[in-house]
Amino acid sequence: MRDNIYVRLGLPVLLVCIVSAAGLAMTYSFTKGPIEAQAREAEQKSLTACLPEAKTFEKIADASMLAKASTAAGDVTVDGLFRAVDGTGATVGAGLLVGSRGYGGPIRMAVGVDRNGKVVGVTIVSMNETPGLGSKIVDDKTFLPRFKGLASADEARKVDTITGATKSSRGVRKGVEAALAAFTAIGGVEGVSAK
Amino acid sequence: MHVVTQLALLLIGAALVNNILLTRFIALCSFFGISDNMHTAIGMSLAVIFVMMLASTATWIAYYGMLVPLGVGEFLYIPAFILVIAALVQFVEMYLRKYSPALYRAMGIYLPLITTNCAVLAAATEAVKPGFFKMNMAYGFTLGENLIYTLGVAVGYGFALLCFTALRERLDIAPVPNVLKGTPMAFIAAALLSIGYIGLGSLFGL
Amino acid sequence: MKQFVAVLKNGLSLENPLTVLMIGLCSTLAVSAKFEGSLFMGIAVIFVLVMSNVLISAVRKFTPDEVRIPIFIVIIAAFVTIVDLVLKGYFPSVYSFLGVWIPLIVVNCIVLGRAEAFAYHNGVMLSIADGIGMGLGYTLIIAGLGAFRELFGSGSLVFLGNTLVSFGPAYRGPNILLLFPGAFLLFGFIVAGSRALNRRLTARKEAM
Amino acid sequence: MDLTLILKAVAALSVLGVISVALLATAAQKFAIEVDPNIEAILDALPGANCGACGNPSCFAAAEAIAAGRAPATTCVAGGKSTAEAIAALLGESCEFIPVVSVRHCGGGTNARHAYEHGGLRSCAAVAKLAGGSIACSAGCFGLGDCVTACPFDAMSLDERGLPVIDLEKCTGCGICVKECPRGSGGLLALVDDQAAVAVRCASRESVKDRRGACSMCCIACRKCEKACPTGAMRMVDGLAVLDPKLCISCFACVEACPQDCIDVTGRAASAPAGTLDGLAGSYAGFSVDESAVAAATAQCAVEAPSAGTGEADA
């Protein structure tokens, strides 16, 4: 008995591990599609909402560009850079997905920037702020439009925060600042449209 | 210098600003169970620091050494982490009991309690998944950052636990309305302490 | 069948709420800021409890005592991961709210405790009853708390994007209810209230 | 369906599973320690989730506490009723139910030296928190009566010495006073077999020198009781006299032998029928002793026992 204690104990655990791993792998392959579709849809939706002029958003995969953007963004994460293309195929600006720190966790948002480097719109992709307080960044319809037309991080810094949602709105502001800085760092619209 | 500052901020952020007990509300089961006695609280805090460092190193290695290369990290991390943590903690407990009875009596008896302590799994999970602390590093910590972060979480846990235990010891003798005596009053005290911790929210702009 | 109902009721009995408060504390407190989130959390816990209870009770004869905890934990973790993936795929907003709490169901004392205390010693049917009873008890508490905190804290109750009840824009709720400390305060008073109630009931019983 | 993904997942988790089991199996063999089978049986009945909700650091600690009688069968919150029943059944089989009563292990009161005068809240719990308590002895009674207030059966009262006296007629052995007493865990108040006929009125674990400095009534570890006891029921453990109630034949030889008046007649044993026999050694002015009860108690004793008046109280 002493010799095969490893077998006696190990076999059941091994079986359970095999079965659950197989089961999970299957579940994963079933849910993988919806998960990715969800993410893509949410991305596209918020990008379109913040830059309505554009028809499609092409993801920029250039690693050096992403690195430049990340450096410029500082402690805000840059989750994606998109080339905004209108119906005729001309580049009308850029969409940036950034994640900034809110009160209840990360605030992920999409920032649309036009050819002149001005903010066209900001939408919140996901956030986890306290309902009724931090969630005012979405509920207060006057807040997000405050960023419209800003052209530099310095200008963005002057936007007023919402009472009772200071930390959350500061998070949004930081996100916009970082997005603008990243946009400048990758060479503005020229950098974006270069293939 | 920049790296050092960043690590220091990570440590403070994990320990105070995002205190696992009082601002994140993780690991509360043992928080109330174990906080009525200073002696127990100290033993528990030490054990938590020790186990968390050990466990998060092990889970980090399991994640980046095995799950990620195989491309299964996305969906296998929960069973893998909890398996590693459970086995490791039980092993350490048995080892201490046999070879270091003094250490075992001081903190070993709290080890089993830590397996099911949410804090360990939470810290291990957050170290590899996007979440609260991921603002400045896209996804996942390096091993060094992971250690610093875990140390912060664990120390923050211990500090909050000791603060609360001291409060409760005083509360025992305070003239509290009869119906609030005991657990209800402990909750209310925890609420006030938690409000205090929220005040740390803007520390160093973290 | 009678036993089934008895076990089911046990989970929902008068004592359960307080037990739940004390041992499922972390998630109950943190997640109950929103009705929607807490309802989904409750459903997730019911699912995990029932499924893992069934499986554990089914394999209990082949489980060596020494390694039962690792085995239970892996089974529970597998179901938790399924919940995690499904929520991520189909309810992304709920998923982002629950966040780290989904993985933490694994270490929820209720789940592991019930697996060990009940499913390991009882048949499959009874284990299902126990899982449903305990899970429902948990869900009732957490959803009730969530509804209370969201309604009185923010003035409206939102479920999957639809506003169910609203006090109108003029309502200014106590912000503390929405923040974490509010959960502590509320809990303190709930425990005190139920204790006072219990005392009164006992006193009345004695008087009779 | 992605077969390679499934294979990879299976491989990853299996490897971790095997490593974990190997660790545990090795540990179970290499680090094996003998455990009281009683504790083990209770541990098996407990959930083993180690959640800490019961206030014990682990299920093992809880099992130890239950086995030792320090915690009730219903200790486990997570396990609920089913676990409690299983444990109760275990306890019922493996150890007899012994009716217990509370007993005080301190004879200090007015004889104890005070470290400071406490002018604040009249509560033992409060005093215990202030610089380790108001009396010099680290195990003695503060005499502020937290236990008296806590007793739901009205079985306790403070006497002239400032010590709680337990009416054994009323005491149900519920253990609430032991829990309430800030020094209950140190053995100042304890639940004992209700057949125990004598009680050692000292619980100090300090050195004998320190004890003497703190209280004139302390156990001085002279071993006279041990020598006097015909059955070996009275033994010296860590410098403190301890009674094994199972061996005690209620001869009261130890009560007579004790030069410190530290051993008292107590208990509701058949040989000591009356309710309160506390302080029987009779050295305290104004403390009444039921002479007839003592007479009845001693009459049934084969060995010569001290009568109340001639006890070594005068020694």
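Chains here go by letter, A, B, C and D, matching the order in which they are written, and residues are numbered from 1 within each.
Criterion: a contact is a pair of C-beta atoms (placed from the backbone, for glycine too) under 8 Å apart; a residue touches a chain by one contact, two chains touch by 3 or more.
From a predicted model like this one, the values you see are computed outputs, not experimental measurements.
For the pairs B-C and A-C, the larger set of C-beta contacts lies at B-C. A simple rule picks the central chain: find each chain's mean C-alpha point, then take the one closest to the mean of all protein C-alpha atoms, which gives B.
Remark: subunit B and subunit C have CA centroids separated by 22 Å (rounded to whole angstrom).
Inter-chain spacing, taken between the CA centroids of subunit A and subunit C, is 32 Å. Centroids of subunit C and subunit D (each the mean of its C-alpha atoms) stand 38 Å apart. Centre-to-centre spacing of subunit A and subunit D amounts to 62 Å, using the average Cα coordinate of each chain. Across the assembly, subunit C contributes residues 22-23, 66-67, 69-70, 74, 77-78, 81, 85, 99, 109, 112, 179 that each touch 2 or more other chains. With touch defined as above, residues shared between interfaces to two or more other chains in subunit D number as follows: 5, 8-9, 12-13, 16-17, 20-21, 24-25, 28, 49, 51, 53.
Multi-chain contact residues, meaning those touching two or more other chains, occur in subunit A at positions 9, 13, 16-17, 20-21, 24-25, 27-28, 105. In the complex of the two chains, the subunit A residues touching subunit C come out as 8-9, 12-13, 16-17, 20, 23-24, 27-28, 31-35, 38-39, 42, 105, 126-128, 130-133, 135, 164. Put simply, subunit C touches subunit A in their complex at residues 33-34, 59, 62-64, 66-67, 70-71, 74-75, 77-78, 81-82, 85-86, 88-90, 92-93, 96-97, 99, 150, 153-155, 158, 173, 175, 178-179. Listed in rising order, the residues of subunit C touching subunit D in the complex are 10, 19, 22-23, 65-70, 74, 109-110, 112-118, 121-122. Residue ranges on subunit D touching subunit A, taken from their complex, read 1-2, 5-6, 8-10, 12-14, 16-18, 20-22, 24-25, 28-29. Residue ranges of subunit B in contact with subunit C, taken from their complex: 22-29, 31-32, 75-79, 82-83, 86-87, 90, 115-118, 121-122, 125-126, 129, 131, 179-180, 183-188, 190-192, 194-195, 198.
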